[in-house]
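Please find the structures below.
The following pair of complexes shares a single chain, subunit A, combined with subunit B in the former and subunit C in the latter.
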Partner chain A sequence: MAHVSVPMYWRTVPQRYGMVGQRCRKCDAVNFPPKGVCKYCNASSEFDEVKLSGKGKVHTFVLIGAGGAPPEFAEQEKAGGMYPVAIVELDEGPKVIGQIADVNPKDVKMGMPVSTELRKIYSEEGVIRYGFKFIPEELSR
Partner chain B sequence: MSRLPVGISGYGVAVPRLRIKKDEYAKAWGSFQASGVAEKAVMGFDEDILTFATKVSKRALASVALEPGKVTRLALASTSAPYVEKVLSGTIVTGVGIPRGAFVSDHTTSSRAGTEAFMAGIEHVIANPSGYALVAVADAPKASMWSPIEHGLGAGAAGFVLSHDDLIAEFEGHAAYACEHFGERFRPRDEELIRDLNVKKFAQSSFMGATVKAASSLLKNIGTKPEDYAHVVIQQPDARLPRTIAKKLGFTDAHLASSSIAGELGDLGAASAPVGLAAALDAGKLGERILVISYGSGAASDAMSFKIVGDRKAVPGIRSELDRKHYIDYIQYLKLKGAIK
Partner chain C sequence: MNMKKVAIVGAGQSRYGDFPEKGIKELFFESYQDMTKSVDKGMDPKRIGAAYVGNLGSGGFQLGNMSALVSEFVGLPYIHTVRVENACASGGYALISACMDILSGAHDVVLAGGVEKMTDVSGVKQKYWLGVSGDTEYERLAGTTFAGLYALIAHRHMHEFGTKREHLSEVAVKNHKNGAQNPKAQFQKEITLEKAMKSPYVAYPLNLFDCCSTTDGASSLLVCDAEIAKEFTDTPIYVAGFGSSSDYLAIHDRISTVTLEGTKRAAANAYDMAGLSAKDMQLAEVHDCFTIAELLACEDLGFCEKGKAGQFVEDGHTRIDGDKPVNPSGGLKSKGHPIGSTGTGQAYEMFNQLRGTVDKPTRQVGDAEIGLIHNVGGSGGTVSVSILRR
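Then we have the complex of A and B:
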């Protein structure tokens, strides 16, 4: 399992629960997840916090099934079956990776509008790790 | 004593997408034990009461167009929290963006916890006229697959914004009843699943006694009569018991129509009366009254009266949540409930 320690996960809670990203003070681009140095201009580490809408479009995706899930998602795949993982282009620009929930995997399409909601991602050391997943936009409000 | 009107400014409801039909139980066990429940909602592998409480909190705030930053009180309720010790509200505060200075409380020990949290919110806004209380109730009770009580257990959530501002339903009063009772729906420390000794008559007499007493004292206290109400919301462990209570109080099945959700969602535990209230608010018209009666084994009941004073409705409403569904079979259900590992 790709081990992420509890303190390390905790530091990412604002981005995982609340889609908190950063706007570069030099080039104005939005970084999500937050970075040490702006990945767009590579010239600034000064940012303003910005809360993203969580809305975006599926850029590309893959269906994980048939025992292909990494260990922390193996139980999810066994209990719930095949699940889609997508790269989503957010309305604010960044491309992020995340699962798509509440959807028949066969219905996922490139360009499909999605939005985020809080879900259980996986559990480790008895601690439930929550974070965003994408859901089809027509289901969200 | 006169005071500023308080009540519900906004609300939201959410139901998981997965459903199982009673036929699946009949195939597996030869019978289905929850009266009047045709199908019920089931949480997915990545859902729990905290993800649902977060969702209904956001929806309730959006229905009033209230910034989460305005919330001064959060009361969370559920009987099926993922942790027995840990401040559960912490997840909601961060997930929704509620100020960290808001006073939070977790209500978790009985299916009456939803109205208990609701009253904590009402007391807060009465004491703090400029405050906003958010009440989030989500539940998905769990029992052994061998227990008859398991058959009816469903899942759902509702959230409410309570304040003095821009009310859609004015709170008219509350009456409570509590007494010692045992053997029905309990969960000893160190056990994950609900037990029920299944002494039906004994359990039902407690349910009926507490709910009828709480509701009758409320009507007496505020001077209302059954004919003053258009909607009556009663705790729904199944679809039949509320009808018996309603009849005893002088109400008819028509009063229960708008809030009857157990037939499609199952027993929502602490969320039963709150989701029923949300459904009644969806259907309610200006000037109509709603009576809400909850029950928690052990035993206690809350009765609350509301008058509809605004016609703003939640989006999505209960109907669209009920219609968004995907059926699973009993084997998938067992896997999701962790009954086979």
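Then we have the complex of A and C:
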């Protein structure tokens, strides 16, 4: 089952709460989410921690609807009718997937500037899981 | 250099569809018996030294030792048997495992097959279960299923190359037209472009008719050292080349959003081994779990330029009567996608296409000598390609 246990989630809290990535000591590229070996040079596992700005641009997106949501997100789909999920190219280089919040799904555009905020993602095993979502840059505080 | 060659001398497939009365054992047996019947000069099961069985999860019912279970059920106890799991590419990898076994000299007659039982599982559990082959930590937790992931690829493909919504639907229409001529297909029904365009968006820009279904089914291949192939048939089909490649599991980690690097590399290896190129492929069975996946396959296998697959399909190249027929079986879209069986099921179709023994002549592609099969795991995390030749 595509089930993410609380311990499994807990191990990714630095990424989900704080956008903590890795800067490769060999090639200087930023990995996010983290890798064992740098995905850009495949030659080093020596990293420095780096906190990302959370800012980026929509690289591509999908609007999930009409029963297309996984069961743990079905309630969200039912409530909103449709929700956008994007791959965002972050200012520091890496791309990462996440939902876009606070937007009419029909207004999401390719290249749209976004930034992250800590939001409720979903709940499983009676535990609410928080993490980053993207919001349109014009709305960011 | 290894001088051994591999041949396929028998191929069978169960009906694909929804079969309440059959579990993995019965489905696998149906394909095994069908394979046995296809061996022209007969086959003594005692010759089979190993079995590689593609399977994702048996619907979650027999996660451990399932290959031993289905092997003994068909009368093959006491052999080297392994379940091969690479998500939706399990079957393609089962065939490659069989080839590697034979090339190593470990065994000279090997069974390669696959089976999946998907319809016993409720819709909700189904989506849980099928979500296991992408990146669970990030992609799944962003609220996507596989349709969502392929939609991310499709949307970027449309944005970068001007691929049209119609192009996606044309793939569905073509594959249903072919599948309507396949007595073993899950959906033996043609659909109109209008119907394909108007179905609800489950993951915009993909709609319901861009997605394959869930399917019960199995397939079996009798694979042997080419040296002894003529003991089984006068018309063996040779595995001229094979290749496979993994990729980053999450799409956001990949070099490109609109290219399956696994497909490019698997194909390059297979072409190299066969001493052939994309232009030599006279037909192909490709992994069209979603319509966009068939467009990516046409590009990444080298059948057309990157970004041009929409036009390539629109121009009719991939139809049965085109110059590069793709998915004459109906593909995953219409024939069905019983995950573990899909790859060896593609080989079953190609075996018959190249021997001119397709069950319905309306689906037979001319007089083809060389064909390619392409099997993708997840959204491209694993890919296998094999080139079959008369």
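In this section, the second predicted complex is superposed on the first by the 140 of 141 C-alpha atoms of A that agree within 3 Å, B and C clash if a C-alpha of one lies under 4 Å from a C-alpha of the other, contacts with A are read in each partner's own complex, and residues count from 1 in each chain.
Everything below uses one rule, namely that a residue touches a chain if its C-beta (ideal position, glycine included) is under 8 Å from a C-beta of that chain, and two chains touch if they have at least 3 such contacts.
All values reported here derive from a predicted model rather than from experimental measurement.
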Clash or fit, subunit B versus subunit C on superposed subunit A: fit
First, second, both or neither for A:3, with subunit B first and subunit C second: second
Of subunit B and subunit C, the chain that contacts the larger number of subunit A residues: C
Subunit B versus subunit C as contact partner of A:13, first or second or both or neither: first
First, second, both or neither for A:87, with subunit B first and subunit C second: second
First, second, both or neither for A:67, with subunit B first and subunit C second: second
Which of subunit B and subunit C A:76 touches, first, second, both or neither: both
Contacts of A:102 with subunit B and subunit C, given as first, second, both or neither: first
First (subunit B), second (subunit C), both or neither touched by A:33: second
First, second, both or neither for A:120, with subunit B first and subunit C second: first
Minimum distance between Cα atoms of subunit B and subunit C in the superposition (Å): 12
Subunit A residues contacted in one complex by subunit B, in the other by subunit C: 76, 99, 121
Footprint of subunit B on subunit A - complex, ascending: 13-14, 17-18, 51, 75-76, 78-80, 99, 101-102, 104, 117-121, 128, 130, 133, 139, 141
Interfacial residue positions of subunit B with respect to subunit A in the complex: 17, 44-48, 50-51, 54-55, 59, 62, 82, 91, 94-95, 97, 315-316, 324, 326, 335-336, 338
Of all residues in subunit A, those that touch subunit C in their complex: 1-4, 8, 12, 33, 39, 59-71, 73-74, 76, 82-83, 85-87, 94-99, 110, 121-122, 129, 131
Subunit C residues within the subunit A interface of the complex: 60, 124-125, 127-132, 136-145, 147-148, 151-153, 155-156, 159, 200-206, 208, 248, 250-253, 257
